[in-house]
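Letters are used for the chains, namely A, B, C, D and E, taken in the order the chains are written, and counting of residues starts over at 1 for each.
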Amino acid sequence: MQFFQQLINGLSIGSIYALLALGYTMVYGIIGLINFAHGDIYMVGAMAGFYASKAYNLPFFPTLAIAMLASGALGVLIERVAYRPLRKSPRITLLISAIGVSLLLENGMRYIVGPSPKSFPELIPVHKYDLGLFQVTNIQLLTFGISILLVVLLQYIVFRTKMGKAMRAVSYDMEAAQLMGISVNKTISFTFFLGSILAGAAGIMVALSWTSIDPYMGMMPGLKAFVSAVLGGIGIIPGALIGGVFIGIAETLTKAYISTSLSDAIAFSILIIVLLVKPTGILGKVESEKV
Amino acid sequence: MLKIENLNVYYGVIHALKDISIEVQEGEIISLIGANGAGKSSTLRAISSLAEVKSGTITYKGEDITKKKAELIPSMGLVQVPEGRKIFANLTVFENLELGAFTRKDKENLKGDYEMVFQKFPILRERQKQKAGTLSGGEQQMLAIGRALMSRPSMLLLDEPSMGLAPLIVQKIFDTIVEINKSGTTILLVEQNANMALSISNRAYILETGKIVKSGDAKELMNDPAVKAAYLGE
Amino acid sequence: MLNVENVTMKFGGLSAVSQLTLDIGKNEVVGLIGPNGAGKTTVFNMLTGIYTPTEGEIKYNDKVINGIKPHKISSMGIARTFQNIRLFSSLTVGDNVRISHTNKTDYNLAEALLRLPRFFKAEAALDEKVHSLLALFNLYEKREEKARNLSYGEQRRLEIVRALATDPKLLLLDEPAAGMNPAETHDLMNLIGRLRDEFDVSILLIEHDMKLVMGICDRINVLNFGKKIASGNPYEIRNNEEVIKAYLGEKGGEGTAKNA
Amino acid sequence: ACGEKTAATPTTAPAVKEFTIGGIGPLTGGAATYGQSVKEGVELYVKEVNAKGGIDGKTVKVIFEDDQADGTNASNAFNKLVENDKVVGIVGAVTSGAALATGPKGTQSKIPMVSPSATEPTVTKVGGDYMFRVCFIDSYQGVALANYSVDTLKSTKAAVLYNVGSDYSKGIADAFKSNYESKGGKVAEFLTYNDGDKDFSAQLTKIAAAGVDVLVLPDYYTTVGLIAKQARNSGIDAQLLGGDGWESAELFTIGGAAVEGARFVTHYFSGDEAAVVANFVKQFEAEYKKAPDTFSALGYDAAKVLLSAIDAADSLDGAAIQAALLKTNVEAVTGTLTFDADRTAVKGAVIVEVEDGKLKLVDKVNP
Amino acid sequence: MDRIKKMPKKNLEMALKVVLIIVLYVVLISLRNAGMINRYYAGIINLSLINIILALSLNLITGFTGQLSLGHAGFMSIGAYGSAVLTAKFDIPFIPALIVGGILAAAISLLIGIPTLKLRGDYFAITTLGFGEIIRVVLVNINYVGGPRGFTGIPLETNFTLTFLVTVLVAMGIRNIIKSAPGRAMLSVRENEIAAEAMGVDTTKFKIQSFMIAAFIAGVGGALYAHYIGYLKPEVFSFTRSIEILTYAVLGGLGSITGSIFGAIFLTFLPELLRSVSDLRMIIYSTSLIVLMIFRPQGLMGSKELSLNIFRNSFKGLGRKKDDKDHIS
């Protein structure tokens, strides 16, 4: 019955990728930017949660809220300082600026808190439920639950609210959006805020499941999450969840049954193969450009 | 209602608008005529704050809007149908119309206005759920106008609204413009179809390489031999 | 030279073009008109390989060309302009035109790398061709300007020059006069006439400007809802009841056309 | 270009009251924690030396360069230290990759290099005559762990989970496996993960199913603490074993209860009575307000070895220092240090156990 | 008509450029022989040249052809490891090994290019990213080349003269490609693929061509690197390295050859100049990256080339900045 346990393992790491992937997808969907700093925003969220909960002995929910707010504010700030001035420049310029921000956050945090990992407090005591076929912890369930909840919430915001429509309009044509009276700045700030609070949430959930945090913790999961977002169909919110879970399970099963040392190579090969078959990701629609 | 004084616009070193002054009174239809590259679109873009103004002032309803943010202008009732349609291709036809009403506060009247747009352009009703990007060129133009109407503008800037439209529709668009105007919307119209434009306008300005070279009563301009030769193709 | 036989193009449930049959002979100027959304541009997209027809056959010089890649079709001598301008916007006007010559380049990558004499010879000849084409369309002065800095009307003309530079035998023009004023349209009309004679091309023209269409086309086909509702010479079309009802309007098109 | 002015400073002239040694290690990037620790150790020792009047009356200056654990960067750092700062010797490089890239250059320019922690077996061979190290090599620990498992713990079935991206981790893992098997044990699972991985549930699920009595985790405390926790959560109760990478006060904070009872091979026991050790720990805590980890100890020792050799050589000439280094016999924090023919430290190791969040000496391994 | 006037002018400019390059070479060599450039600076200069080669390679596929590559370190690693195996294990002379390294990289690029280059926009970028990571993981697992331990004992064959020569050849080669029909075809792919196809450009062919040339150059750069540093480790060729190469090209100005040159030199020297601030080094580095991008979004050079014309024009007071207006709208 190892197989079911491995499936749960995959699902659980997948929902963490998904949480992060959601933020990538939000930002990408609106301004077409691969926000390389996203993984680092999540690191800052985790750090903020860590210090806040340590200083004031906070329980889970307030810590989560602080982490989300801190990373949300950071996201807005980054957009304001490093991306907004480049809005009319080629997208690739933004990409480099994002890389700069990513390096700055990593190294700045290293400078402030030092490079060594910190042990994250056990804000929620781990409970394990034995369900016969497999075991699952309350943290895994919570992470998964939160990812699903956020997907639904984001879908609602983007497709049902006025702000969501503004976001989609801005994503297509900023100038035309202005002609509709939409504030491009506000809309983009809001998008970054949303994307970044998701990163904050992911930061805390990761810190809870993996229990240690450090200034460079955003790099690898950031990359994987980004790949998940693409795999699911970048810019498509449920795609982030599906992509994350897909990568998580593929990775875990590869480790369990094929090779632990080649698992990353295999995960990336799967990505490439999926893209060759479905060039816009699992949920992506192939929209032939009208000529 | 709208007053432009000594407007200058540059693109890098290109001096696109040179000391332009235009005035539009409430209730008028004013045409802006000129050859390709004369600066017609630049004028409209400057009014909507999409082009950077080097010097000069633009006043609308008594307020100086020269440096006002582009996104704040539509809520003053000053709305543009831009050159090249600029519809939101990734959104459905209906969502495009909804965005047209973005700044509207009177939600209760929206329904009637969708109906009004659908009546003017029945094809849009049929295509409500279609992605706007897959509409034909002419359909997109109708959507662009419909979208602007959804904001209930007090003044409408139209940049070549008849471009790419079938003759029947061109007629309809001009009829619509007149109709909109009659119901109280002031119009500033940029057109290559000078004949049609002049025939529905009160007054007109003629732009040549960034300068206003002539202006006056539309009917008089229509009979001006120079204008005829240059813009009416006779 | 071109025979379109019972061609249908479906997008999901929508038939943008259905059962269309169309012929173009050598040195003919044929008009394709119809209401907005009738499927005219879709026809162009099928002819140039951008879409593959759902049904039917397109024959060019008796060869079936459906499903062939656009660049191959272009090499066979079919060139087009785009209704929604698609220039190489950050390249110069000159390079926009030079690119159309890619297929006819008679030096290879190695010769270019090493700058062998053949390269210089070919480039000089190309320059000459590009310059004379640009001059013909009054764009010579703008040859070093980036395409995106041209005004709308200039960009339209550049679209035509660029298509011409592929040395087509069949030229597809999608609303070439859109955005031009009557005087400019008039010049364009003369130019298109000269193209047929001097460049020895057949032309299929989509245009809503009736003066242009009526003034230059040998034959006109009218589409409505993807179906051909009429074809004939300009006189026949102008007086066709169905066309008037669906497309021209009571004033016979002339009244609404900008050249009236 | 700038920086040329330092070239004017004479270094070997008799009047000099100061000389410089260099340090190379990762101060930024993912491996920064090791470089920072080493740097602290080195600076602490140099401070002590200077407080006692320096070496032969000359003040010692350290310039520690960042290499981001990357060969190219390390090579630039080396060139800069040698050409611009005119260092007489270098503590470093900290990581094996950087040491492999710089070692041959040291030998080429006759600049002795003492690595505190480059444990890859071939570092000194590739580096040549001027490359020394004060740590033991990876396989040494693997062998020690295998012997200890079979002989003392009477283990028969083991699992190894190591980092494929790390030569250190792989070196210990390979050595453990071959020795353990040659002694009759069975390595039931020999699994890997990648650098930077944080989730090990897939591997641990397999290990749990295999039912082993020891689980070897040859990696650094940053990762090991996580694995230990996740292992306990997956219901693995095997004896956890590891190497010197475990040694850090952080291990207990990261690993918590999960590392209780775990044992690992390391260079020294920080609770050791010996004066050098006690003094080092005291000084370090006074200076940096935290407990030292192994890398600080090794950095401290490397600096001590290098400066002692300079002292003994009574010269700032590279060849003389190298000769003196070969004769090293220093009472260092991590043991009494001498070099073998391969210029790798010959010293004993200890096996320690985590008990109540502290280390307890359980065994000594002789060289 | 003005072709007649232009031809000799072009030749003159060409000749001037060649002279300038030779002068630069002689000056650098003499400075080094005179000890003005010590081994430290010489090393950085050498690295800058290698980085220029990599940046130019990336610029060809990303700047000129418009296909974002996030896996360039992968091609570099193929050239590096491939050539190192030949020289270190089979005693093959360096120059042939260097070329084989490039060819290997090009061959692999063909293999992945054919299926993936039809992916649009960022999806292609992701597959290159994935490919780069796959190569790295595979290298870690090949014990023959040292696995995670790294590959030692690579002969130190790279010298300044060779790197300089290769850099000049690469820069001239790319320039010659860009200013020819195949190069213009690559540009048209970047500008508008649909229109390019309609104008008879076989976009797939030119994308693959560009990708292969870029991979070849990156492979050669990798081979030079391997024989400069003498030691290879898979993690050197991680995603971070790919990003670094991209940064050189973008900071210099995508679509500008001189831009790549300045970008690579600047970003190779910057971290070295920042050594004195040790701990703050990467903080300042990253901040300067952001600030530079904000103030010169088009890169140091935009898509312009530094040419002798600029000097000529500024003498005449005719320095019309054609490019600047592009960034207004």
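The rule is simple: a contact is a pair of C-beta atoms (placed from the backbone, for glycine too) under 8 Å apart; a residue touches a chain by one contact, two chains touch by 3 or more.
Just so we're clear, the structure is a prediction, and the values are computed from it rather than from any experiment.
> So if I look at the partners of chain A and the partners of chain C, which chains show up in both lists?
Per touch definition, common to chain A and chain C: B, E.
> Computing the C-alpha centre of each chain, which chain sits at the greatest distance from chain C?
D
> Measuring centre to centre with CA averages, how many angstrom lie between chain A and chain E?
Each chain reduced to its C-alpha mean, chain A and chain E end up 32 Å apart.
> Give, as an integer number of Å, the spacing between the C-alpha centres of chain D and chain B.
Taking the average C-alpha coordinate of chain B and of chain D, the gap between them is 74 Å.
> Indicate the whole-number Å distance between the mean C-alpha point of chain B and the mean C-alpha point of chain C.
29
> Could you tell me the distance, in whole angstrom, between the mean C-alpha positions of chain A and chain D?
Between these chains, centre-to-centre, one finds 36 Å.
> List, in ascending order, every residue of chain B touching at least 2 other chains.
Correct list: 11, 14, 134.
> Mind pulling the chain E residues that touch 2 or more other chains?
Counting only residues that touch two or more other chains, chain E contributes 137, 140-141, 194, 279, 282, 322, 325-326, 329.
> Which chain C residues sit where two or more other chains touch them?
41, 50, 82, 84, 86, 149 - these are the residues of chain C that touch more than one other chain.
> Can you tell me which positions in chain E touch chain D when the two form their complex?
36-41, 43-44, 47, 137, 140-141, 147-150, 152-153, 225, 229-236, 271-273, 275, 278-279, 281-282
> Of all residues in chain E, which touch chain C in the complex?
Residue positions touching the partner: 1, 3, 173, 176-177, 180-185, 187-188, 191-192, 194-203, 209, 303, 322, 325-326, 329.
> For the complex, give me every residue of chain B touching chain A.
Residue positions touching the partner: 48, 50, 69-75, 79-80, 82, 86-91, 95, 98-100, 102-103, 131, 133-134, 147, 151.
> Spell out the residues on chain A that touch chain B in their complex, using ranges where they run on.
Against chain B, the touching part of chain A is residues 162, 165-166, 168-169, 171-173, 175-184, 287, 290.
> Of all residues in chain C, which touch chain B in the complex?
So the residues of chain C touching chain B come out as 11, 33-38, 41, 83-84, 149-154, 175, 178-186, 208, 210-211, 246-249, 251, 253, 255-260.
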